[in-house]
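First the structure, which I've put down as structure tokens, then a few questions once you've had a look.
Letters A, B, C, D and E mark the chains in the order given here, with residues in each chain numbered from 1 onward.
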Amino acid sequence: MRFIAEENIPRLLGRLAANAAVWAPQVVKDTVNTVLFAPWRAGGEIETGAYSALSAKELVLPATERLFSYRYRRAGEGERIGIKGCAPQERVVIFGMRACDAKALAVLDALFLSRSAGSYNDPYYQGRRSGLTVITLACTSCDSACFCSSFEKGAAETAGSDLIFYPVSGGYLAGPVSEKGKELAAVDLFQDSSQEKPGLAKTAKVELVGIQQRLLERFDDIDFWRLATEVCLSCGYCSYACPACHCFNIFDETDGDRAGGRYRCWDACMFYAYTLESSGHNPRPEAAHRYRNRLAHKFSYFPLNRGEILCTGCGRCIRGCPAGLDFRDVIRAVSAG
Amino acid sequence: MIGVFICQCGTNISATVDTGKVAQAAAAMRGVADAESIQYACSDPGQAAIAAAIRHKRLDRVVIGACSPRMHEATFRRALDRAGLNPFMLEMVNIREHCSWIHSDVDQATEKAAGLVRKGIARVRHHLPLSAGKTAAVRRALVVGGGIAGIQAALDIAAAGIPVTLVEKSPTIGGNMARLDKTFPTLDCSSCILTPLMVEVKQHENIELMVNSEVDDVHGHVGNFEVDIRRKATCVDEKKCSGCMICQEKCPAKAPDDFNAGMGQSKAISVASPQAVPLVASLRKEHCRRFSGGKCRVCQKLCPAGAVDYGQQDEVVRQSFGAVVAATGYGFYDWTGAYPTYGMGLYPDVITSLQYERLLSASGPTGGHIRRPSDGAEPRQVVFISCIGSRDESVGRPQCCSVGCMYIAKQAILTKEHIPDSQSYIFYIDMRAGGKNYEEFARRAQTRYGTLYIRGRVGKIFPRWGKLVVMGTDTLVGDQVEIEADLVVLATGLTASDGAGGLARKFNISCDENGFMAEGHPKLKPVEAEAAGVFLAGACQGPKDIPATVAQAGAAAAKVIGLLSRGELETSPMVAAVSQSKCSGCFKCRDVCPFGAIEDERPAAGRTAARVLASLCRGCGICSAACPPGVISLSGYTDKQLLAEVVAALR
Amino acid sequence: MPRETLKIVGFLCNWCSYAGADMAGMARMRQPDSLRIIRVPCSGRVDPLLVLKAFQEGADGVLVSGCHPGDCHYGNGNYFARRRLELLKRMLPVLGIDPGRFHYTWVSASEGARWARLVEEFTGQVERVQEAQPNLKIQSRIP
Amino acid sequence: MNEFVQTIKQTFKEVDLVLGWVRSPAAGVAVPACFHTPAQADDAVFDSTCMHNLVVHLPRLAGKKVGIVAKGCDARSIAQLVAEHAVDRSRVIVIGVHCPGMIDVKKAWRCFGFGKRISDAGGRVAMEGKTVAREEVLLQKCRGCRDWEPVICDVTAGGATKAATAPPAEPAGIRKRFAAMSPAERRQFWQDQFSRCIRCYACREACPLCFCRDQCAMQARDPGWATAAIDASQSWMAQLIRISHMAGRCSGCEECERACPVGIPLMLLLEEQNAVIEELFGYRAGAGPEVKPPLLTFNIKDDAWGES
Amino acid sequence: MSTVPRKGIKAAEPLVPEPATIIDVIKEGPNIRSFRLIFDDPGITTAFSFAPGQIGLMGIPGVGESTFAISSPPSQRDYIQFSVMKTGFVTSAIHELAAGDAVAVRAPLGCGFPVDSWKGKNILIVGGGIGMAPLRSLLMHILDRRKEFGSLRVFYGARTPADLCFAGDRVQWENRDDIEFIATVDEKHPGWSGHTGLVPQVIAAQPPAPENAVAVTCGPPVMIKYTLAALQQLGFTEAQIYTTLERKMKCGIGLCGRCNIGAKYVCIDGPVFSLDELKNRMVDGRW
């Protein structure tokens, strides 16, 4: 284990900022304690105590990003399209992610960096992910929305992190997870330490055994889902706040008459428009249909297809739901049969 | 595939806009298969070139950069139609009125024109083929105003076999023309030419004449105007009254003589004039003794036909019309408040030309003898002053009355004929005698009748020893002039008649700054009002003389006949439509629709959605701006089209 | 900033103001060339959002003109427009858009001269606003 | 059994379901709930964390007979929906409650952390030994409340015993700063605010008046007022669509701002718009079920404010 | 210059389409058009290979892209063909295109029909309206390899004669004696001498035997629903029935969400499914 003193953190980040953008959780000005991950500049105050409203998934899946740009040109009587792809190559260090968020990166890797037969990996994700270094802050406390303990390793999860900081008196113990993390912890701001790791938070536990099958069994009981969603507003907050949600929309924007680009942006499965077809048919017309797909995707389909649960227990969807919905109640009801 | 045609309009456009360059810029836009500059797009060869391009280059959308769409949109839509393309796949870009004519720098104007054309191309991409619906048109016309314009229009329409209702607010038709003595430049008797037409109106089987009536309220639109006509109570049963005028003779209550422009006296119950049509008495309550608290029942007792009915009430009749002719004529400028140095109306011998006209008339209060109002003496020195309340910025009336110069000349001639030893003087600004034989006529007033023309304005009129001293400037000589006159006649200008503004609002006719009704286009739609199905005849549209009035009335009648002859009208395809599957049924559209064109419908159980009645919708789009999710949209002006235009205008 | 680079959008009702602008053209009244006129049937068709869209797209000024109150071709479209546009005008400062960049008015078909004057004046007004504070379009920052 | 619960239970004679609140075990505060049986209503609570405007659910329950617990300000939303034909008055039983002034739960959580039971007594809000003055965590709208008495009400179910609490606050914090900004600073301010917007549409979905929901122009591809991009410029436009569509309709319930996960002060726009509308048209949305919203009507004498 | 034959979708940039040019537009019906196109990179057109039933995303940069079944057979080396019904934003824009216009394409995507596993079997194809597009590809492919299969029977229905696509092909199919091709329209129509009635009724009137057979169906949801019922009535098992689906999709490569039916993604696991893969999900059309 390595140790870094509290006062050396700004120094560490300052050094990292020379070669990469550094992101850290910060309170948004003019708001009531809204914490977001944002680019950190020297002197900026880092908020490690509060829960961020959004995860930092935008570092690998920006809210909107360009896929390619195009330009039409005349060719005799007709026209031809010239297309230029984008290859993001950014170096970002993120400080202060929690284990749940870091784990979500590993979950996303299973989809976007998959090389299984018949699937493509995502060059944009890959470009950003490979340039990302994750310094995780281990949780020694939690609130009642947290439920990472429902998963195998709970707050001790290391997947997705490069280096994990454990808060101890006067600073942090630093446990490297990856090669990147090892290199990072080797610099002179760290020193070796034999201190014990602090006890990590024990969060709420939701029983997930058998949920994969149970959800499928409950799937057609639409009245159950209607009851479960009767106060759901069908907004997209839970999807956008979720570190593992990754669905996106693709749209084109023109820049003048002959040029423009194709973009992708976050999309949320709770939106009516998400599956609305141009014919007017919508296979998921009610919040109930969308919500059951949402949970089934997270706890049944994705585990089946990619071997990972599409949830890491961060609790944002519970903490921030404008309708005060707690999906753990629904999971419990499904488990109860 | 879009075709773009840039009209040079001779040099009207090409003088300041390089149309070739504009076409080139258009050709660089996506989807533009053809872009060319055309000398006159609206000409036959121009239209033929457009049609050829549509066929050969398989165009499905056309942008024409030319004059205002208000000018030629209809022309080019027809051209598209003939070439086999839906006429609404056209976008006209105004590079003349809004560009070449208002800019002088060729580069700037060219760049702007290219920008406007780009905006048009962006918009035309969202055009959809539209087709007109049909609605039945009521085969009946309304003519409002019973002067010579209304009479002529009514007779012409009726002659085509279309029923007409002629509404006149006063007790007789004939209007101002009936009050004139003689007409210029022929000096034929006004009554002699007008009265037969008035009688024909009364007798025509296709004309329903409603005097003492006004338009109260109007609903509906071209093809089906529902008009409430108020027949004002006159206390005389029109059907019974024979026009014997006994009531008028015996009536004890004096009243002003409107027909004689206040020059004589009338009675509370009277027939407007001996030539009135219909020849029916009417009672003016405000002057009647019975209605001012007395017990007088003289007229009722004496009426041999028993036509007097004091209890008569206003009656509102609703009739439907396919088309409307406004022929509300003109009034005279009230000079008394505006020209303080002329005595504010306090000198009895300063009169208006209409009053003088009544003094000249054999049917007038003096039996055709010129007697001045103050003492009944025959005037020897008569001064005419032109342009009172016209061509006079100082009283806010820049407009030319267009008849003053001629009627003064006429009155001077008639003065000489009535009183051979009289001398007439005319103060004038400019002599305007543009009509056929007018100049010769005015010249005759000087040469043969010895009228003295003095170019200049009169500064002051004041009484001195039984005469009126007229002080003015002769601007040709540059001298002060002072004339001792027995009578001064003011050639007052023409104004829109009382109530024309109210009527205009009811029919959605817009008015110009002088209060005259605005024609659809000063050149190409001189008789059409902007409201569909409404036409203008005579001086309501602007001051004009009798021949011009009669011509315009005939033209308006021809338009009405053309409109109603087919029995049905094409409804505009540019109406609103609701995408019912997306409508939440909040009916904000219905709240704002001025035409009641939105109704509710149940497209599915438990859902209510709006529906547009296309025959009532007139395409204003107020609903479209009121609908939050934009599910009601106005064809031809959809959000998509306007957004495309906004974006293209700014990039 | 020179006048040529200004971008001004005008929404004109077909019956009065567009015709008034035509009238100004027929009378060959010189006007600044920064205005791009969009024809609408009635000022009541002008959704205030179209004005905001123009500002979003970077318009330096937006002008809306309809028939004079009482003269609407459709009876009362301009009365609705007046309410919507007055509200919009008063909301612009809240958005940080100088209200001098927006003007709504009434011009009849016969007021060609007034139209030309109006364009001149409004362009001048936008110019002055622009000089004092360049137009700040809301920027996109898509990676 | 308390009187509040009793009142709700009694309305089941007339309605299919009742919208109210229950206490969330995880969050420690009240959360919206539907009661389908009188027995379920045993869990009903009303306290100063019942900040949600339940009226948002009324339009989508069309066809059912619904009882709804409504604070004074919530009742204004109902009145406005009735005035706009979006809710059938005869199918709603309004259970009016007198509001003690609602706690801004976000502010409270900032003081205490998420998920702890909050107590509210004697002008102090307290949790696990920590206390804070009530005024500090009160919702903005509750300061100088004008709507303590529900404008529409069928049954009264008690609640607070006296009209709300804090006097209208002088603009403070962000409001004060915003008021002093120049146009350019405001433009920049919104640029910053909307660059945080993630277009989750929680603002719209939480709004009781946004009943177009699935067809909303903020999100529709056609005609394309704003593209789908999650980006300051498009979010600005999209939000202005909502603000514009709220003109003369917003009853100021503050739900949009409360729902916004990234803390965009949307009420700055709506408060100003409501003030302008009150000044121009003398209208407050939700004044009553019979009133004609000001942008759906006109007065030929409107030019009293002068043609611009 | 790369000498490796490339597909119409880039392995390294799967969301970036290949420019292509329309060489012909065929008006199939009132709102259906077929677009024949070649890739601008001739290497791709030459190397392009796919299985019937596979799909592609064709779009217009600046407007957007949509998913369509490839309606030409793999043996057609001169062009690939998409048949497009005008239903919305993108398809309306595509319908405006003419020969010479540019499009951008990502294809082939998804899984085609497992034709090789059908060798020796009797084949029943049931199509409706625009649903015939992928089936045209399949049918022409089977005709290319006609000897490998047993009997071949095709039912094709549409609302009116004008709605029946592929007029030129139909004449050929009707005239061949190694295929039984039956076209039907919903109601009697002047000038129509073929069958009338809904597809399931026409099938029931001439029932195919389920033994050693596979049935493939594609068409509007209502038709599929009743056709499946009719086939199951005749004794076809779920494993014997294949269908091909079209769902709203954006990425086409299993990332963007939305096109899943249960755990299956139409874009990568489909669009061809056997009925036993989908289970009851076809019934209520909600997933």
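The rule is simple: a contact is a pair of C-beta atoms (placed from the backbone, for glycine too) under 8 Å apart; a residue touches a chain by one contact, two chains touch by 3 or more.
This is a predicted model, so every value here is computed, not measured.
Removing chain B from consideration leaves the other chains joined as one piece by touching. Among the remaining chains, E is positioned farthest from chain C, on the basis of C-alpha centroids. At the centre of the protein atoms shown, by the Cα-centroid criterion, sits C. Distance between Cα centroids is largest for the pairing of chain A with B.
Centre-to-centre spacing of chain A and chain B amounts to 71 Å, using the average Cα coordinate of each chain. With centres taken as mean Cα positions, chain E sits 65 Å from chain B. Chain C has its Cα centroid 46 Å from the Cα centroid of chain A. Chain centres here are Cα averages; for chain D and chain E they lie 50 Å apart.
Of all residues in chain E, those that touch two or more other chains are 62, 89. Those residues of chain C in touch with two or more other chains are numbered 47-48, 53, 70, 76, 80, 84, 142.
Along chain A, residues 64, 72, 79, 249, 251, 263, 267 each make contact with two or more other chains.
Listed in rising order, the residues of chain C touching chain A in the complex are 142-143.
The touching residues of chain E, counted against chain A in their complex, run 11-19, 21, 40, 59, 61-66, 87-91, 99-104, 111, 221, 247-248, 250-251, 253-258, 260, 262-263, 268, 280, 284-287. Across the complex, chain C meets chain D through its residues 47-49, 52-53, 56, 69-70, 76, 79-80, 82-91, 93-98, 103-106, 133, 136-142. Those residues of chain B that touch chain A in the complex are listed here as 28-30, 118, 122, 581, 651.
Across the complex, chain E is touched by residues 67-68, 70, 72, 76-83, 85, 111-112, 118-120, 122-124, 216, 219-220, 222, 246-252, 254, 260, 262, 264, 267, 269, 274-279, 281, 283-285, 289, 293, 296-297, 300-301, 304-305 of chain A.
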